[in-house]
Amino acid sequence: MINITINNKVIQVEEGTTIFEAAKQHGVLIPHFCYMENVHQIGSCRICVVEVEGGKTLMASCVTEVKEGMIVHTNSERVRDVRKVIYELMLSDHPKECLSCWRNQNCELQDLGNLIQISEFRYEGAKSKDIIDTSSPSIVRDSSKCILCRRCVTVCNDIQGVGLMNPHHRGFSTFIGPSEDELLGESVCTNCVQCVLVCPVGALKEKDSTAIVWEALYDKTKTIVVQTAPAVRAALGEVFGYEPGMLVTGKMASALHELGFNYVFDTNFAADLTIMEEGSEFLGRVKNAITAPGKNDVLPMITSCSPGWIKFIEHRYPDQLSNLSSCKSPHMMLGALTKTYFAEKMNIDPANIYVVSVMPCTAKKFEITRPEMFNNGLADVDAVITTRELGRMIKDAGIDFRNLPDGEFDSPLGLSSGAADIFGTTGGVMEAALRTVYELVTGRELPANNLHITPLEGLDRIKTAELKIENPLPEFSFLAEVTVKVAVTSGLLGAAELLNEIKKGTSPYHFIEIMGCPGGCISGGGQPRPVNDAIRTKRLEAIYREDEGKLLRKSHENQDIMMLYHDFLGVPLGHKSHELLHTVYTRRSKN
Amino acid sequence: MTTSYQLKRADFIFKYENDWEKILSKCISRTPQELINELISSELKGRGGAGFPTGLKWKLAAEVVDATKYVICNADEGEPGTFKDREILSMVPYKVLTGMAVCGYVIGAKEGYIYLRGEYFFLQPELNKAIREFEYYCKGINLDFTIRIFMGSGAYICGEETALFESMEGKRGEPRNKPPFPSSYGYMGKPTVINNVETLAHTYTIFKYGAKRFYDLGVQYSRGSKLFSVSGDTPKPGIYELELGMSLADFVDEFGDGDTKAVQVGGASGFLVPRKRFDETAIGFQGKLTGISLPTGGSMMLFNSSRSMFNVLDNYLEFFREESCGQCTPCRVGCQQLLMGIKAVKRGEKNAKYLDKLLRLTETMKLTAKCGLGQSVANSFSSIVENFREEMIY
Amino acid sequence: MVKKIKISINGIFVEVEDGTTILDAARKAGVIIPTLCFHKDLCIAGNCRVCVVEVAGQKRLAAACATPCEEEMEIFTNSLNVLHSRKQIIELLLSEHNADCTSCFKNGNCELQKLASDYKILKQDFIRLVPFKNYTIDKYSPSIIKDDSKCIRCQRCVRTCAELQGVNALTVAYKGDLMKITTFFEKPMNDVVCSTCGQCINHCPTGALVERNYIEKVWDAISDKTKHVVVQTAPAVRVGLGEELGLGQGVRVTGKMVAALKRLGFDAVMDTDFTADLTIMEEGTELLMRLKAVLVDHDPAVKLPMATSCSPGWIKYIEHLFPDYLDHLSTCKSPQQMFGALAKTYYAKARNLDPETIVSVSIMPCTAKKFEAARPEMHDSGYRDVDYVLTTRELAIMIKQAGIDFMKLDDMHFDRLMGESTGAAVIFGATGGVMEAALRTVYELVTGRDVPFENLNITPVRGMDGVKEASIKIENPLKEWAFLDGVELKCAVAHGLVNAKKVMDSIISGQANYHFIEFMACPGGCLGGGGQPIPTSPEIRLKRAKAIYAEDEGMPLRKSHQNPEIIKIYKDFLGKPLSEKSHHLLHTQYTARKRY
Amino acid sequence: MITKDEVCSVHTSTQKEKFDLLGNVIIDYDRKESNLIQILHMAQAIFGYVPADVQYFIADQMELSISKVNSVLTFYSFFSTQPKGKYTVSICLGTACYVRGGKEVLNKLKSVLGIDVGATTEDKIFSLSVMRCIGACGLAPAMTINNKVYKQVNPNKIPRILGMLK
Amino acid sequence: MNPVTDLIKSLADQHGRSRHNLLPILQGVVEQEKYLSEYSMIEIARELDLPASEVYGTATFYSFLEYKKMGRYIIRICKTITCSMKGKNQVLLAIQDMLKIGVGETTPDGTFSLLQTNCLGFCHKAPAMLVNNEVFTDLTPEKVREILRMYMNKKKEGGSYDN
C-alpha cells in the first residue's frame, strides 16, 4: 500500500493502481473518454489528464500509476482549462448535428459536453474522413463521427482477435476501420459487433432493421411471428431504466403482443431442441470415436449456436470446420419450424409468415442472409432486431413498458426449460447439454450442485470441466468409466487459443462450447449499453435466476419438444431434422 | 334532378331587389324552425370554400341554450384571386344585412358583426350608411338586432373562423383548437354563427323565392349558383354568377384565351387543374360529378402557356409562408421548407427526388396542421408538382 | 357526477370522465404519447403537433393534448400515418433548431433532444433554416439568457410568464416564418418588465432559455489562492440538489451538500438559513413596530399590510407593476443579501480577514437572486455584498465537473459563526414558510407563549393553494405589547406572481385588510424556484415541500430567536433588531420601475 | 538470411518468383509480428511498392489481418501502395523551401504531371511526393528527382526539367 | 401632454377599454399617426390595463399595423400572382425609380413609404395598389407616375393626412 494525496485528501491505495482507479475508489470521479475498464487504457484522448505536483506536463490518469507521496489535483484550473480545449478540439472534427444522430442521448461525447460545459466553439476545424460504409448486413460505419478513441481497435484486435478495425494513415488523415478499399461486408468481420458496443459516439452502429419490421407489422396480409433469445429478457429492462439484471420476460411478451405481433414465440424452445439434436450428435460422435476409431468422426465437437463464431472459424480455421456441430443456431431452428411445423398446424401458407427474431446479437442479421438458411426459397427468419432496436420500437409505439402486466409466450413454440434459459450466458449451452446427455446416458440426474456445473460458470475466458461417467445404461456401455472433458470459452481470442490446440492435435477435449462475445449472449453486440463486467455479472445472475425458477430444468423434459418429435420430426437426427435443423459451413478467405 | 354539367349563367346575387324590408318582415313572422328547414331543404352550402351546410350551422347554434349569441359575417376575403365579397357588399349590402338579421332571429342573437378585411377600408362609409338605415328599420319592426363593422388589419389567417374570433377579441389571429366548434363556443366564448358574405346573400334569395328555386339550380350535392372571380390570362376578367356543377372544360371555353394551360380553382389554397383534366373536372362540392369535383370559394385563375408554374407555386408558397400564423410546427416550418425546397430543386442544389420528400411533407401538413391554412397548402403544392413536375426541376 | 364515457386506445378499452383529453386518457391506459408544448402547469396550446393521433373516421389527425374524448372514440396513437407525421414534425422542428448539443447548457436535459433520440431522426434531409435566420442571443440580463436559435416556439415560456406569473415579459410577435418569442419591441430581457424569476427557464423544453451561469467565475475564485471564498446555501437547495445528481425527488441532502461544497474548495461553507433566522428577528420586529405606529400612533406614513421582501422576483415585480405600493414592503433585505453584507463585515472581523479578499458566493434555487446581487443598493458592506450567485443546477454541474461521487459523501456540518439555523429558517424554502417562521417568533415575543398550533405547525399557511389566509388572535400579551390585546392578526400568503397580483388587487380595491402578507414569486415558493432542477410539476413541488417540513421537524430548535448564533450576533455585533447597524447592513430601499 | 541487396538484384524475376522470394523472407523473419516493418521494407524492395495483393500475401503468411498490415503500412510515408514511376519527383516543403515558393512549384508539378501528391502518371514515368526538409535549405526551394537534387527551382523551370527526363 | 395620449384616451372612450377593443384602438392610432410608436403602445397598454408586450405581440401580427415610422402616404402594391402576371414588377420599378426608395423604405422627406402586400382583391383589375386607403387598379408605369405626382402635389398644398 502506498500513500498519495488526491485533491488535498490523503489516501492509501495498492501499488500499481492508476491514478484514475485510485481516485475512483475514494469518491473522486475523473472525466474520461477513451478509457474503458479492463478493455482499453491507452490514454489517447487526454480528457482524463490530472495535475501531479512536480510534473511539468499534465498526466493521463488512466495510464499513470500512483507513486508514493504523489500529490494529485484532478480539478485544478489548469486541468479544467486543458480539458475544455481538448474537448473543443475533439468537437472541431465532429459533426455537430446531435439531434439527428442515432446515438443522441446515449453518446459519451455528448455527455462529456454536459460535464465540461463549453458555450461556444473556438475551433472550427477542417473535417477529416467521411466514409459511410453500409456494405455489412450488421454494421454501419460512419467515419465522419469517429473521434479516434480506438476502443474498437482494442476490442477487435485484443479481445476478439479478429484484427479488422485498425488505424490507417497518420496525423490528420488517420481513420479507423478496415483498410482503405476494404468494405466491412466483404471482410473477415465476424459481425460480432463488440466494436459497436464500445464505440462512444455514433461512428459505428448496428444496421437498423426496425423499419422493415414496422412495415411487416402494418402489412395485414402477413402472420407476424416473433421470437426472443434468452439473453434479451435479462437486458431489455435496462433500456427502460431498470437496474441491470432485472428480468422482464413477462413485460417483454406483453410488449411484443402490444406491438402487434400475431404470435410471440420463444427462441428458448429451440434451444431445448438444440440440446436434443446436438446432444445426440455428440453421443454419436463419441460412440464412433470410441468404438470405431477409423471412422471419420471428429472430436472435439464444437457448438455452433453463435454465428459470429461460425464466421470466425470459416475465415480463420477453415480446416477445422468438421469439428463444428452441424446444428443450426436455435433461432434458425425456430424459424424453420415456424414455416413448416407451425404453418402446417395452423394451416397458414408459409409464404405469408414473417418471422422476426429479437436477438442480443448482430451477427444473427448476417446469419439469416446465408444461402443455407433458406428453405424452398423462403428465408427461415425474415428479420433480426437487436435488444436495443426492440427497446426503440417499444418506445416509438408509446408503450408504457414499466407499467405493463406480465404476458406469456404463445404455444406451440413458446415453452422452454431452464436449460434453455442458460443458453444466454457463457457455459450455458455446455451445462444444458450435459444435463441432458448425462441423464440420457446414465438414466440419473447430473451429479452436480443443483444441476449447476460450477467450473463452467463465470466470466473467465477459458473454463474446463471433467465428468466421469459411471454405470451408464446398457446401450451406452461404451462410455463406462470414460471421463468426458469439456471446455468453454467466450470471446474469439479464447476461441483462437482452443482452435490452435486442435490444429496442433493437442486438444484434450471432447466437447467445446464457443461463444463469439465475451460473456456469451448476455453481452452480445446488440445488447443495451454500457456493458462491463459488473453488468455482465448481473445479467448472468439473472439468467441463472430464471433457470432456477423454472419448473423444468432439463431440455428433454420439455413436453412440447416431445410432442414436436412425436408429431413432426420423428427422432433426433432424423431425416426431417437434418433437412430443417442442420446445416453446412463454407470455407471463407482468410482475409 | 339536374344532371347538366354545362355552364349556365345565373343572376340572383346582383339582381336589384328593393323589397328587403318586406322579406325581413316576412321572415320574422315565420318560426325559426321553418326558416331552418327552408335553408336545409335548399341544400345551401357555405360559399367561403369549405362548404359546410348552412342550414345545419344555424340549427346547431339555435339548439345551444345561451342568452348571448352572435352572428358574424366573414368579409375577410383574403384568398388570392377572390374579390366577389367586396362587390356584394358594395352593390347589394342589404341582402347580406337581411341574411344576418334573419340568422340572428333564428338562433336568438342580438348582435351581428361584419369582419371586414383591412384592405376594404374604403367600403366602410357606404356600408355604415346601409347599416344605419337597416338598423332603423329593424327598430321599427321591433327586431332587436344591431350590426357593427369590425375592421381587420391585414392578416389572411383571420379568414379562418376561430382566428377571426381571436382577432375580434383583440388578440393575435391565431386559430384555436377545434373542438369546441363556433356553434357552441365562438366569439367571446359564446355560440356563434359565422357565414361568408355570399352565403348570407344567397339566404336572401332562398327566403324570397323559396328553397326550391335555389335547389333547382346546380347539380346533386352542389345546389344553387355561385359567384366566380375570374382573373389571370382571360380576355374577360370579372365576377360572374354561374350554376354549380359545370365542367372546367366548359368554363375554359367561355373564359379562356384559347391557350389555357391550367386553371387554379379556389385560390392559393385550392387546386391547380392542368389542361388534360379539364374535361373530367367539375366545379362543385363532394360527390362524384364527372371525375374530380373541386369545391371553391369562387376564385378561378387562368394561366396560359406563357406562364411558369414554378413561379406560380413560388408565389403561393411565399404567400403561405408570410401568412401562416406561425403557432403550429407543420405549417410554420413546413411552409418555409416547401418554399426553400422548390427553390433548391430549381437551382439544382437538391435533386428531383427531393420533390417527393416535399410531397410527403405536404401530406403531413394536411394531416396534422392545426387549421385549414396549413392543411390546404398541400392542395396547390401537390397539384402543381404532380402535374408540372418538369417545370419544377433545374 | 361527471358522465363516464368509453373509448378505445390502440384496442385497449378505457373508461374516462367526459371532457378528458385523449392525452390524459392514453396515460391512463398506459400508452405514452410524446408531447412538447404540453406542460402540466400550463394551459393547453396544441401548437407543436407532436402529440397527434389518429381517430377512426376522421380524415385528419387530432392533437391528443387538445382533443377531448368522445363516446366510443377509437384512437390509434401509433398507426403508420401517425408515426410518419410525427417523425416529420420532429424533423421540421430540428430543421429550425440550432443543434449544437455539445455546447448547449441544456444538453442531457432537453426535451427536444429526447424526442429526437426516441424517434431516431437519422437523416436530416430538410434544409437547415438556422443559417438563414438572423437569430439573436440576449445575454444582457444578469439572470437569464435567451437564445432564439434554440427556440422551437412551443410558447411554454409565454404561457408561464402570463399564466403562472402574470408578468407578460415574453410574448409572441409577428406571424408566419418571422413569428418569434420576444419581449416588448424586442428589447433585451433586462430592459423590460421581466421579474427574472426564471420560471420560463424551468418550463422551456430546450436550451432557448437558460440561466446566465457563473460557474467559471466561481472556479476562478476558488483557484485564486489569495481569495477567501465563502459560500452560503439557501433552504430550498438542499431538497432540490439531489434530483440533479440522480437521487429521487424530495430527498434531503443537506449533509452531503455541505461535504460536496467543502470538497469543491470553498473556504467556508455557511448557511443562508442563519440569515433567514436573522430576517425573522428583523422583520418580526419591524412588523410589531408598524403595528404600533398604525394602531397606537396612527402614523399615516406607516403602511399596513406589511409585505415580505425575501423574494427578489417579487420585489422586481412590484417595482415594475405596483410602484405606488413600495411602502408596504418590509425594508429587510433578503436573507442572501443579509448574509452577504455580514460576510464582509461581521465574519471578516471575527476571522480577521480583509473583506477585500473575501469572495461571497451563494447557492440559490433562484435566478432572480443573480439580479438582486447585482443591484446597486447591495453594497452596504463597502463591497459588493454577494459576488456570485449560482443556481441549484449550476452547483450540480460543478459537483459533477469536480468528479465528486455525491452518493458516497459522508454528511458534514456547516461551518460555525453563520452556519447554525433553526427549523423556522428551513421552511423559508416553502410557500408560507416565512409567515410561519415569523408567527412562531412574533407570537412568542408578544405573549411569551408558543404559537397556539399543534407542534408549532401553522397548517393554514401550508399547502399549494395560490392564496392562503390565516389569522391569530392575540390574547394576554406581555405588558409592553398591551396595545395588541385582542387584535386579530390577519395574514395572507401568496406564491406565484399571478397570485401576488390577485392579493395586490384586493389590497388596492380595499377588499382585503391584512396586517402581514408573504409573497413568493415562484409557484410553491423557493422550492419551485427558477433555479431548481428541471422538470417541475405540482407533484414534484409537493414532494420537495414535504422534505422541507420534515427537515424542520427534525431540528432541535424550531424558532428563530432560539438560534444561539443569532443571540451571539446581536450581543457581539448588531446590538438589537432594527439597530442602526442593522439598518445600515440589513435593510434597503426600493426603486420604482417602468411598467413594460 | 536474405539481404536487401540480394532482393534488389531480382528485378527481372517473374511475379511468382517475387512472391516466393517474399515468402522466404517472411520465413526468415519467423513470421513474427514484431518484424512486420522489416518485411514490408523487403516487400517494397522486391515489388517496388506494396500493392494490395502483396499485403494480402503478407497477412496470410504471417497470420495477421490484412487490416493490421495496412494499418502499419499506411503509417509510414516510406511505404507506397501505388507503383512508383521511373522518376520520383519530390518537392521539399520544409519551412525554408515553403517560404521561397515551394508550394507554387508543387502546384505547377501537379498541373504539369496531371497527378496529385502520392500518385503516379499513367505512363508510369513520374511519381510525385512531398518531403519535409531535405537539408538543402540554402538551395531553397529544392526538389529531388530520384537521387538528384535540383536547386532554386521555380514554376517556370519545371516543364524544362521534366521534359529533359522524358 | 403628448397628442398621442389624448388620441388614445379619446379612442378608448369611443371604443371601450376591454381587450376586444384593442384592435380598433390600434387602427385608430395608425390612421392618425401612420404607425405605432413604442410610446403609443405603452400608452395603449396603460389605458387598457394590458401588458405592453401583448400589445406589441398583437400589433406585429397584423400587416396593416405598422410599428416602424412610416411616411404620410403608405403605398402597398399587391404582389400576388395575378398582379405579377399583369406587370406588377414594371409598376413597382416605376415607383422605386420615381421615389428613389426600395420596398420597405420611406422617402427622406417622410411623404411616401413603399410596401408590398398580399392579394388586395382586385385580381380582375390587376395590377392593383393601395395608397393609404385608396385603391388604384389596372396600373401601368405611366399611370402610377401620374398618381404619385398627384400625391406629391397634394403634399405641397399642405393637404391633410387623409387623402
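Per-chain numbering from 1; labels A, B, C, D and E assigned in written order.
One rule holds for everything that comes next: a residue touches a chain if its C-beta (ideal position, glycine included) is under 8 Å from a C-beta of that chain, and two chains touch if they have at least 3 such contacts.
Here the structure is a predicted model, which means the values were calculated and not measured.
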{"item": "Given chain B and chain D, the chains that contact each of them", "value": "none"}
Chain grouping by contact, computed as though chain C were missing: A, D | B, E
{"item": "Intersection of contact partners for chain A and chain C", "value": "none"}
{"item": "Chain separated most widely from chain E, comparing mean CA positions", "value": "D"}
{"item": "Chain whose average C-alpha position is farthest from chain C's own", "value": "D"}
{"item": "Chain centroid nearest the full-protein CA centroid", "value": "C"}
{"item": "Between the pairs B-C and A-D, the one where more C-beta pairs touch", "value": "B-C"}
{"item": "Centre-of-Cα separation between chain E and chain C, whole angstrom", "value": "45"}
{"item": "Chain A and chain E, separation of their C-alpha mean positions in angstrom", "value": "71"}
{"item": "Euclidean distance of C-alpha centroids - chain D vs chain E, Å", "value": "75"}
{"item": "Chain centre separation (chain A, chain B; CA means) in Å", "value": "63"}
{"item": "Chain E, residues touching no fewer than two other chains", "value": "57, 61"}
{"item": "Per-residue multi-chain contacts in chain D, two or more chains", "value": "none"}
{"item": "Sites on chain C at which at least two other chains make contact", "value": "172, 174-175"}
{"item": "All chain pairs that touch each other", "value": "A-C, A-D, B-C, B-E, C-E"}
{"item": "Complex contacts: residues of chain B adjacent to chain E", "value": "77-83, 85-86, 117-122, 150-156, 167-174, 188, 229-233, 237-239, 268, 299, 301, 303, 307, 311-312, 315-316, 319, 322-323, 325"}
{"item": "Chain C-touching residues of chain B, taken from the complex the two chains share", "value": "155, 157, 172-173, 177, 179, 320-330, 332-337, 340-341, 344, 354, 357, 360-361, 363-364, 366-370, 375"}
{"item": "Residue ranges of chain D in contact with chain A within the complex", "value": "52, 55-56, 59-60, 64-71, 74-75"}
{"item": "In the complex, chain C residues that touch chain B", "value": "44-50, 52, 60-61, 63, 66-68, 81, 84-85, 88-89, 92-93, 95-96, 125-127, 129, 132, 152-153, 155, 172, 174-179"}
{"item": "Chain E - residues contacting chain B, complex", "value": "18-24, 26-27, 57-58, 61-65, 79-82, 84-85, 117-126, 130, 133-135"}
